[in-house]
Amino acid sequence: MYKISTTPHINSKQTTQKIMRDVIVALSPAIFSALVIFGYRALIVLITSITSCVFFEYVIGKKLKLGNTTNDLSAVITGILLALNLPATMPIWMIIIGSFMAIGVAKMAFGGIGKNIFNPALVGRVFLFISFPVQMTYWIKPHSFDFFNIDAGTAATPLKTMKNLDIGESLSSLTSYWDLFIGNIGGSMGETSALAILIGFVWLLKQHIIRWHIPVYFVGSFAICMMITHWITGNSQYDVLAHILSGGLMLGAVFMATDYTTSPMTKKGKIVFAVGCGVLTYIIRVFGSYPEGVSFAILIMNAWVPLIDKYCPQYVYGTGRK
Amino acid sequence: MVSAILFNILILSGLAVLAAIVLYWASQKFAVQESPLVGQIYEILPHANCGACGRAGCQDFASICANASAEEFQNLNCPVGGRKVMEKIATLKGVQAGEAERKCAVLRCNGSCQNAPDKVVYTGMKSCRAAHSVMSGRSGCPNGCLRMGDCVQVCQYGALSLDKETGLPVVDYKKCTSCGACVKRCPRGLFEIRPIQENMQVYVACRNQQKGAVARKNCKVACIACGKCRQINDTISIENNLSYIPPSISAPEEGEKLAASCPVKAIHFRQNMIEGD
Amino acid sequence: MKTKTFSIGGIHISKHKSSAQIPVEELALPDIVHIPVKQHIGTPAKIKVKIGDKVKVGTLLAEADGIISANVFSSISGEVKKIEEINDGKGWLVTVITIEREGDEFEPYMDLSDDLMTDISDDKEALRQVIRSAGIVGMGGAGFPTAVKTSIPEGKKADTLIINGIECEPYLTADSRLMEEKAEQIIIGVRILNKILGIQNAIIAIDENKPRAIAKLTQITKRYVGVNVRVCKSIYPQGGEKQLINTITEREVPSGMLPIDVGCVVQNVATVYAIYEAVQKHIPLFRRILTVSGDMNDNPRNYLVRVGTPISFVLKQNKVDMEKVGKVIIGGPMMGQTIAALDAPVTKMTSGIILLSKETSDKPESTSCIRCGKCVDACPMGLMPLNIRQAVNENNKEELRLLHVQDCVQCGSCSFVCPAKIPLLDFCKIGKFELSRK
């Protein structure tokens, strides 16, 4: 007997698991840079975060009868992203709480993969940020945890430094652009190295995992706002390049804002979403009391996604372009 | 200190008064005139919003009930709530409820895994409506049940279930509210809402319109339009190689006779459907 | 030359065109043929023969019944044995005329020589009448009677004639071979269409993965003013009528309208070749070229097959190991239909027989939608299949209408690209089905 079935009879080889694997590959330069800059401490944070995320996904999935979805690797990505958003000195029990918030509350409570409204890793990070502000902003100097160097010391992040700059003083007197670019600065584990994130971005584009619109419009709209501010005020606290290279902007734009589930479908929607993220980040960084605004900006825009999807539909063939 | 407290209290009270005025004005301005009866009737209705009564939903049906005259009310019926609900509404209105007949859905196919064995392997999406577009049927019968349970999914009263052995959906007529969702869902139109009269139902469980010999090749219990049932009651129609028993036949003896007369056992007869209603 | 493509969506599929190098060979004659009286869209043709009649190749078996119908000719010589109903492979019964073969005799009116006939008559109406009486239908798979398609309704004007030489479905190579081997004949066929439609120019669209056909046609078109070859990108579904019109003219066919409403007439190359044969050589449509291929077929071939030949006979000639076959598809693997009974005959619309192995013939299990939007990017009509799926699950007809589900061309791009392997096209089809019924 020959089989009868509906069309099409062939399928692409792409699967959810393969997509997630490609994202992990894209994240590996950032992981590598975190390990180089923050040493074994980064490894501990990463392992804790990944294991607890996968564990929570498995247990909660079982309890809520959502099935075992751990082998699609999405929980691993949440774990990695959460870890990369934390300082290397984060206590282990706090990481586990963060993982629970990310997987349990932000993802599984909404019905598991594909149904969450907010980016799980960001919910975890923001929860920790609000609950444990001291630990979450305890930045150590790069290479404090190298295997041969136990000389730990704290360092302010460039964003914090910039916020407190006096008029006329310039950031480059404190940190060079090159250090910002390769990540030789204090900060969250994965955020520091713009270079590593850019390598990951290129990989994602090459593998057709994401489209370029969200990262480019996100950073672009942010840069334009910053540039105007810099031009009006002439204050080097609004140095555009330093702002782009520091903080979570690159990581957020490439890996967090492009999360499939929590970003709009259509090209038009993606642009609206990304510009919203960029402008909100700018507003929080310039006018807010927090030095960093990327996570809040993305989460706020996540909430708008259903509305953006509704009002930025795809152009339907034959309906007449305006 | 005291003045500060006083000042706060004054401001808040002022706001409260202002809000109260706005709210009062709004409630007057945008009030919808509706008889309280509608609300009361709505409370009685099952709130399923299934549309089985032919209205847009329970709210719509409630307002129609409220505005209906005594005679008009006789013809209104909520198939889901049944007689009990209609009587409650009738007492509320102070009128007499209509003599509504019980109805339930019947599956006019008996092409089970045994009677109409699979001749093809279908590997597509498990949905009758998807399968309907790519093949004539699992057994070859172009009208028969596809046995994938689209009807089970759409029934919100849990009155339908797939029988593991026969593969066919089974109607639990105690739970069936004759809302007609399955009738609309089945891509082959195999469900029919039939009245339960004299505590019985008799119907032809087949919709195959092929010639008898062709139909029998695919299914043991296909109607072959032999006309034996018609000899018992001539209101039975035979069209397109298919016999149809009108719902008006409601004598138990006749039903039994019809079922016994069918050489292929395509006529289904069941009795004692309602117990102590 | 710059390649062109349509503006919305589209996907890349590996083409598996291994049979593109292999010349068309004539298939051995079957001993028995089942010729369906309905090999087109519209009303079945009226049977004109009786059981026991002796027929030759080219004898009229059934006559068109009404405007939207087509004549059916005998494809072999022999005796009419039965007029019966057989399984069309999907379980539906179709009326066929069963003929047992005796020798291979042709009706004398045909010109079977290889001579190229270049002179075209000027009588528009007569030309159209020849197309009608030769039983020519759209051979790309739709089966719409060509005579109807070439008569322009009153009040409408055609300004562009597009010849569809794009075989965007994987495996299929029949049209590609035809263009290589019968290039000049096709162009004369185009000229005939030019005359009938009153259009001076014509565009032959070919996708870029057929370099030999492109070279051959470009070279010949130099001698025919007004006929141009346009190379299109090899993207699925480039060969879809609406997509092709968009590629060539940048126009869009509005929902529910026909190509003629935007001034376009699209004809498949195989149809154009059939027009040449009918008009210049007096050969009615009783044979066609089809591809036998598939992922488990290591002997892919292009055959010239008589209409009515049982598919099982074609496969036997191809020496397929039927033990390993899991699925038999009529047409391409994206839009073709599976059949379960192999006695079904080849019809005018059969462009290929694709065999898939047991391993690839099962549909992969679907997982949760991750909202990646790949289906939205892929849809050549700009629909949002994942939202359609949602609306179908909720049985929300209002929403389905807003999502333009009735514009779906059922190309299957959405199901193909979905990483979660959700059968999105099935949901779209259900949506269309729900909207079409009361």
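To keep things simple, chains are lettered A, B and C as they appear, and every chain counts its residues starting from 1.
Keep in mind that, in the parts below, contacts are C-beta pairs under 8 Å (C-beta built on N, C-alpha and C of every residue); 3 or more make two chains touch, one makes a residue touch a chain.
As the structure is a prediction and not an experimental result, all values here were calculated from the model.
**Q** Quick check on this structure: which chain has its C-alpha centroid closest to the centroid of all protein C-alpha atoms?
**A** Smallest centre-to-centre distance to the global C-alpha mean: chain C.
**Q** More contacting C-beta pairs: B-C or A-C?
**A** Most contacts of the two pairs: A-C.
**Q** Measuring between Cα centroids, which chain is at the maximum distance from subunit B?
**A** Greatest centre separation from subunit B goes to chain A.
**Q** Could you state the distance in Å from the CA-based centre of subunit A to that of subunit B?
**A** Comparing mean C-alpha positions, subunit B is 51 Å from subunit A.
**Q** Counting in whole Å, what is the centre-to-centre distance of subunit A and subunit C, each centre being its mean C-alpha position?
**A** 49
**Q** Report the inter-chain centroid distance for subunit B and subunit C in whole angstrom, where each centroid is the mean of the CA atoms.
**A** Roughly 43 Å, centre to centre.
**Q** Return the residues of subunit C touching two or more other chains; collapse runs of consecutive numbers into ranges.
**A** Those would be 90, 337-338, 340, 361-363, 423, 426, 429.
**Q** Could you say which residues in subunit A touch two or more other chains, in rising order?
**A** Residue numbers touching two or more other chains: 1-7.
**Q** Could you list which residues of subunit B touch at least two other chains?
**A** 119-121, 123-125, 130, 133-135
**Q** Give the list of subunit A residues in touch with subunit B in this complex.
**A** 1-7
**Q** Touching subunit A in the complex: which residues of subunit B?
**A** 119-125, 130-131, 133-135
**Q** Could you please specify the touching residues of subunit C with respect to subunit A in the complex?
**A** Result: residues 8, 11, 13, 90, 170, 242, 246, 252-255, 257, 325-329, 333-340, 342, 354, 356, 360-364, 367-374, 376-377, 379-384, 386, 404, 407, 410, 412, 415-421, 423, 425-426, 429 of subunit C touch subunit A.
**Q** Considering only the defined contacts, which subunit A positions touch subunit C in the complex?
**A** 1-12, 14-16, 18-19, 69, 72, 74, 112-115, 211, 260-261, 265-266, 313-320
**Q** Would you pull the subunit C residues touching subunit B in the complex into a rising list?
**A** Those in contact with subunit B are residues 85, 87, 90-93, 337-338, 340, 361-363, 395, 423, 426, 429-430, 433-434.
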